[in-house]
Structure formats: structure tokens, C-alpha cells
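Shared between the two complexes below is chain A, which has chain B as its partner in the first and chain C in the second.
Take a look at the complex of A and B:
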């Protein structure tokens, strides 16, 4: 029983991070129809730069996290400028492919800047452990869960209640018609990339205390976040939360009761299964597309 | 715009007469492609300010393609496309819209996941203060009371007729100089078609410049001042709407021949 609670908590803690990464995929998918493979790198940049600032430059932890989020958000803006501005890409397929190139560039730049070192970031809540139902866990676990739920609530309110959020939903529904009301495709895309990058950075800041960050932390995280997004239904905030938590727990169960060597495989099995049997995800609904 | 609400039809025409003819939409030699295939071959026409101009033609004649070309939704070439004297050629769609042109697209294309109110607000999204434009919203609801009762419904759940009203209301919210309506009667029952055309009569009386594409020629020509007949991507006939309505070619289109 203790082991089960332990497994569950560590699964939820990491799963909360996957959920936030999945939200980023959803925001960009809704605005552009593309899959943004830089998403995982945003997590890496957010986590690594926060940890580097804290560890190497002795920046206070809250400042380090805020600066990391700002840096990553600018990176999101640059991604949009590169893809849609400089690259003049417009079709989802072209944008998706080009994001892979940008992901490689970001990863390479991070390798040069971090000189391949790994960095760690402590939890803002300190290192004492918490006892929950006989299991011991870090305070970061709880923080991450709260963070993921808050992010989902904030995003839902943003999309429902604000002008920009409503505009982004309209773009998700019919970006061409939105353009006939004077909103450029790039405006909505730019905001989507900025929001997705900020989400990635928050995920990175939440993940860093659970592990160590290095320049190559992002790729696998991106794929896992993508699997979580697909599991919950791409573009659906509540689905992203459910998909992320479920994937995190599934991984923890495999690692806890089986072997951690296979934990990373879980995301890919989930991805294959969902694409084969229910490509719209658990909570997604198929939508008709005019051609 | 409110000062013109009480204008009679004749009043609108007097106003139109005061304008230089280049003040409306001028299209010269427009060619539009779908992929590599050119489907509109050098179309020229004008939509004069304060008037209703109609493009009549069969399914596949190129009405929608012509409109999409003008609005930058489809790659096009032209000798000249100007609106109120300013060139629209080569501009992206959003920039063309900002010149004061609002589209009521073929198939209505309301934002299905947004509520009725949100759809209407999206029409005004680029206009300063447009998000809270209660005055224009009131005008839309006065014209289409059906929408007032369903402000919080998802637009995708509305009937076809209500969606058409919503698409028209959304375009009105942009407070445009010109309304472009692409087959507003498509797929609607005769009762609803009449309803939509009554609304268009009201909009014309408010002084909007209107460009209308229709296969349903009889009603459209009753409303329009001037009309052009499109056939396989070319204009084959033009004239005052009342005269064109009697043309055998137009009657053939109306009967679906």
C-alpha cells in the first residue's frame, strides 16, 4: 500500500508537468493546426536557465524562475518569427516539420551555453519531505499538482472570458474567416507561441526540482507531453490535464512495479495505442474540416 | 451611420451620385486561380457606393472565386482592384478587411464553438471599442430578434437561417463601408430567404454599399441596382438589375438550366 501511494504521488507529480507541456501543444495546434516540436525545448530552456541562474550565478530562486519564464517566452516569440515571418510558412505540415529544425537549433544553442553541464534547482518550498498516507514525498509533488490545476483553470478562463482568448478560439475554428475581420494569421499564431512557450517554462521550473536539467532534457519531455496531449485530445485543456496525469501515473507504475528502464517506453506505447484506436483522444471529438 | 438610418432609398441614390465613381469597389481584369487552374478569367466590374451590386451566375460560374480573389483569400492577379480609391491588389486578407470590407461568406462560416454573442463580437474585434459596442449590437438584434434570444447558444447549434443572420450580424459589427454577401440564400427555405432579403433591404436603406453574389437571381435582381452575369469565369452580360432580370440568360440561370 505504501509503495502504491508512493508510486501514485511520484506519477502525479511528473504527470502534472506532462499536462502543462500538453497544454502548450494544444494552444499551438488550435491556433495553427501544427504540432510544435519545440515545445519540449521550451521546458528544457525554462528549467535549465532557471537552474543555471540559481546555481551558477547565485540569482535568488524566484527571480531565477521569473527570468527563465521571460527568456523562454521570448524564445516562443522568436520561434513564430522564424517560422511564419522569416520562413513565411503557412501550412500546418510545413510548420510542423520546421519546428523540428528549430528544436535542434535550440538544443544545440543550449548545449553550447551550458557546456554540457547539468544543473539542479531546489524546490521553492524547501527540501523537507511530506508524509501522506504513510508515503514520503517532496513538497514539490504537491506544488506541481496545484500548479497544473491552476494553469488549467487560468487557461480555461483566459479562453472563455478574454477578448484575446476568444479570438484564439475563433482562429482555432476558422482562421480564414477570422482574417476577413482584420485579424492576421500571424497575430493569433504569435500569441499562441508566446503562451505555449510560457507554459513550457512553467513546466520546466516545476520539473527541475524533481530531476536535473541539461541541454538534452527537452526532446523526450516534448514527446511525452505530445503523448499526453494526444491521450487527452489535442487542444482540450481538461483533456491535457487528464492525459498528463494518466501518463505520469502509468510511467510511475511501470517504474515502481517493473523496471524503470521501461518507464520511458510507456509514452510511446500510449501514443501508438491512441493513434491506432482513438485518434481523437479520450475527450476529443472528431471535427469536420472543410477543404 | 445613424444619421442615415432614416434615409429613403432615393436619398441613398442622391448620396451615391455625389460620390466620385472610383469611391466604391473597382475591379479590372481580375484573374483567380485554384491551384494551377485559372477559374476566373479577367473579370471587370464596379460596386458603386450606396448601391447593391449583384454577381449572378450558376453554380461553378466563379462567383465565390471572384469574391475570394478580391479579398485575398485566393491567389489572384489583376490590372486593378481599388476600394474608395485605394489599391487592394496584393494585400493580405486581414489588411483588405481593414479597408472597411466585411464578408458574409458562402456557407455562413460562423465560429461554431463560439456563442452567438462571441461571434458578433469577433466581427468587431479589430475596431477600437468594438468588443463592447452595445449600440451596433442593438442594431443587429433589432434586425434579427432571433439572435437576441440565443446570445449564449453555441453558434454551431443554430439553424441554417439563424446562422445566416448571425453571419450578417457579425459583418455588421465590423461597421464596414461595404458588405460582401456570398450566396446568402443558399440552402435556406423560401420563407427564410425572404427574411434574409428583407434584412438586406433594410441594410441598403442604411446606406451600406453591398456586393452580392447569387444563383437565386430573381430576388437578388429585385434588390440590386446593377448586376453582372458570370458564366464560366467571365462576365457575359451586365446592366441595370431591372433590365437584366428580363434577360433570357438570367432566367435560364434561375431555372437552373
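Take a look at the complex of A and C:
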């Protein structure tokens, strides 16, 4: 029983991060119809730059995290410029391919800047562990869960209650009609990338205390976040939260009761299974994903 | 496939046999330019890439879908052959047969799972499949040797004769690459191949003409898997050491980029792509740290310039020119009718 609680807690703390990554995929997908391969790199840049600032330059931890979020948000803006600034890419398929190129660039730049070193960040809540039902866990677990829930609530309110959020939802529904109302495609896309990058940075800052960060952490994290997004239904905020937590717990169960070597494989089995059997996600919103 | 496929654009049925001859010619001539041991080693790698890209061309080129699983399939072939030879003492000839069979089955499985998915989701499914394989290469330590790689793979041998001389190694790989290119060419000019390319060019039109999409997509996947299996086994016997990092996400991306830049869907694509890949490898040996950054920038520029791929862009321009010429000819031929209609 103790082991189960332990597994559950460690699963939820990482799962909350997957949920935030999944939300980033959803925001970009809703605005452009594309899958953003840079999403995982935003997490890497957020986590790595915060940890580097803290470890290598002794920047206070809160400042380091804020600077990391700012840096990643600028990277989001640059992504949008690199993708749409030349005016030729407009189809989701072409944008998706171009995001792979940008992900490779970001990873390559991070490799040069970090000189392939790994960095870690302590938790902002301190290092004492927390006792819950006989299991002990890092305080970061609670912080991550609270963070994920807050982000989902904030995003839901943003998309429902603000003008910009409504515009972004309209872009997801029918971007051409929206353009006839005078809203430019690039404006919506730019906001989507800024939001997605900020989400990635928050996820990275939440993940850095749980695991070391290096320049090549991004690809795997991005794919896991995408698996979580597909599990909950791509573009559905509540679904992303459910998908992320479920994936995190599933991984922890495999690591806790089986072997940790195969924990990383879980996300891909989930991804392939969901694409094969229920590509609209657990909550089955109607959308054509098959031909 | 229905006979109505003949109603599809003529360009789809055109046989580009000169491209096949260039492929064969380059494979025969290149080692004559430089035949040092090091150069032959490089040419051997290039010939392996020709086989790998010829396989990828069935999916990325002909069927018009982007598969990010080819690096994983390549690795599966290498590990299947390597494990058979090292762990089970299977003779290399038999391992060279086992590897393509294993990979073809795996590819058909992935093909069936992703059969009905739309473009973007298909890409993610193939990426997921490739990544699972990559992870397993590193994690199934007892079988694969884990991150440190699989060591002690014997050289390829036939009837007790070991292929260790660089020129013999190259000759064997090049022979298989040439056979592979001829088989691919013959398949592509066949009725099935035309249906496959028609499917890639315009899915609705191909469906309307009676092509069966499931069979075609599965065929493309199976073929790409078979070629990847052969290439993987050759890679294992050529390097005699394999490690997971050769088959990672970057490799999956590089394969697609190389093929798209050099002409996906054309017979000449694989050889040009293989030259590009080999060039990158030689270059990267000196500038390893800058390789991802530079590759990413080149890739991004290429996509911005040719969103439909180089071959697609050229074909589209050719089509435009032909349309315009036809329109002008029609206007000149029937001036009276124009007046009447005005």
C-alpha cells in the first residue's frame, strides 16, 4: 500500500508536467492546426536556462525562473517568425514539418550553449520531504499539481472570457472566416506560440527539481506531452490535464512495479494505441483524424 | 487496381529509366574516382543509404506521406542481424535474410495501426513507432548491449569466404543497392506502382479511379521495411558495431530531409539523398558540435523555399507552364468563339 501511494505521488508530480506540456500542444493545434515539435524544446529551454542561471551564475531562484520564462517566451515569438514570417507556409502539414527544423535548431543551439553539461534546480519550497499516508514525497509534487490545475483553470477562463481567447477559439473553428473579419492569421498564431512557449517554460521550471536537465531532454518530453495531449483529446484543456496525470501514473506504475528501464516506453505504447483505436482521445470530441 | 487508372495524368506513368541508369552508373563509377580504403568505406556507407532511401521513397515519395519511422526500422534491421549473429551464432547469410523479414513484419504492423490516420497524425504515429524502437535498443541491455552498443558482430561471409576487403565489401553492398533500385523501378512503372504514385499525387482522384488505399499504403510500408531491414543488416556487418544513437530522432529527420531535398518520389532521389547524407557525415566528423544547428537552418530554409518539396515544387511549376501553354493554344485556335462569348 505504501508503495502504491509512493508510485501514485511520483506519477502525479511528473504527470502534472506532462499535462502542462500537453496544453501547449493544444493551444498551437487550435490556432494553426499544426503539431508543434518545438514544444518539448520549450520545456528544455525553460528548465535548462533556469537551472543554468541558478547553478552557474548564482542567480536567486525566483529570478532565475522568471528570466527562464521570459527567454522561452521570446523563443516562442522567434518560432512564429521563423515559421510564418516568410509568408509561404500556411498548411498545417508544412508548418508541422518546419517546426521539426526549428526544434533541431533550438536543440543544436542549446547543445553549444550548455556545452553538453547537465544542470539541476532545487525546489522553490525547499528540500524537506513531505509525509502523506506513509509515503514520502518532494514538496515539488504538491506545487506541480497545484500549478497544473491553476494553468488549466486560467487557460479555460482565458479562452472563454477574454476577447483574445475568443479570437483564438474562433481561429481554431474557421480561420478563413476569422480573417474576413479583419483578424490576421499571424496575430492569432503569434499569441498561440507565446502562450505555448510560456507554458513550456513553466513545465520546465516545474520539472527541473525532479530530474536533471540537459540539451537533449526536450525531444522525449515533447513526445510524452504529445501522447498526453492525444490521450485527453488534442486541444481540450481538461482532457490534457487528465491525459497528463494518467500518463504520469502509468509510467510510475511500470517503473515502480516493473522495471524503470521500460517506463519511457509507456508513453509511446499509449500514443500508438490511442492513435490506432481512439484517435479523438478519451473524451471523444468529434473531429476528423482519419481519412 | 482498376483499368481506369489509365485516365490519370500521363506524367504519372512516365518511365524515368534514365534516372535508374544514373543511379547504377554512379554506384559503379564513384569507387573508380577514389579507391583508397577510407574512400571505399565512405562509398559503402553511401550505398547502404541508397538502399535505405529507396525504401523510404515508397512511402515519402510515392505514397506522399511522411514517415519518421525509417531510422527505427533501419536500427531494427541492424539489431536483428547483429543479435542473430552475436547472440545466436546464426550465419551472416541467414541473418541477412532474417533482418528484412523481421523489419517487414514490424513495418506492416505499424502500417496497419496507422493505416487510416490523416497526414499529421500519421507522422506522429510513425515517429512514435521509430522512437519506441530507439528506446528499446538502449533499454533491452541483455539482448542489445544497451547504450554501449552491440560489439563483436562478425564480418559478412559466404561459403566461408569473409567479406573484409574494402573493395569486396563495397561491391557486395553496391550490388544489392543496384538490385534494389531495379526492383523499385520495375515496381514503380508497373500498374501497382502507378496506382501508388497516383495515390500520392491526389488521393481523391486515385480513389475515384478505383485504387485501394489500404493495400497501397500497406504495400508501401512493407517495401520500405524490407529495404530498411536489408540496409540495417548491411550496416551491422559493415560497421561490426552498432549503438542506439545511430538510429535516433535526428537520423529519422535527416533521412526525410535528404530524400525530400533530392527529389522524393523520383528514382534519382535515393542516390542524391545518399550522397547528401554521406557528405553530411564526412563534414560532421570535423564539426560535430555545429552539425545539428547547421542542419536545422538548412532544413528550415529549404522548407520555406519549397513547401511542397523540391520535386513537388518543380512538378507544380511544370504543370503550370503546361496549363498556360494549353490555354494560349486554345485561345489562338478559336478566336471566333471568344468573340461570340464576349
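The criterion applied here is as follows: the second predicted complex is superposed on the first by the 284 of 291 C-alpha atoms of A that agree within 3 Å, B and C clash if a C-alpha of one lies under 4 Å from a C-alpha of the other, contacts with A are read in each partner's own complex, and residues count from 1 in each chain.
One rule holds for everything that comes next: a residue touches a chain if its C-beta (ideal position, glycine included) is under 8 Å from a C-beta of that chain, and two chains touch if they have at least 3 such contacts.
A quick note: this is a predicted structure, and the numbers were derived from the prediction, not measured.
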Superposition on chain A - do chain B and chain C clash or fit: fit
Which of chain B and chain C A:262 touches, first, second, both or neither: second
Contacts of A:166 with chain B and chain C, given as first, second, both or neither: first
First, second, both or neither for A:107, with chain B first and chain C second: second
Chain A residues touched by each partner, larger count belonging to chain B or chain C: C
First, second, both or neither for A:174, with chain B first and chain C second: first
Chain B versus chain C as contact partner of A:121, first or second or both or neither: neither
Partner chain in contact with A:197 - chain B first, chain C second, else both or neither: neither
Touching partner for A:183 - first (chain B), second (chain C), both, neither: first
Minimal inter-chain CA distance - chain C and chain B, angstrom: 7
Shared chain A contacts, counted only where both chain B and chain C touch the same residue: 290
Residues of chain A touching chain B in the complex: 163, 166-167, 169-170, 172-174, 176-185, 187, 290
Touching residues on chain B, where the partner in the complex is chain A: 71, 73, 92-95, 97-98, 102-103, 105, 107, 109, 111-114, 118, 121-123, 125-126, 131, 170, 174
Touching residues on chain A, where the partner in the complex is chain C: 33-35, 82, 86, 88-89, 91-94, 96-98, 100-109, 111-112, 219-220, 223, 226-227, 230, 261-262, 264-265, 268-269, 271-272, 275-276, 279, 288-291
Interface residues, chain C side, partner chain A - complex: 66, 113-114, 116-121, 123-125, 127-129, 131-132, 135-136, 139, 141, 203, 213, 249-250, 253, 289-297, 299-300, 303-305, 307-308
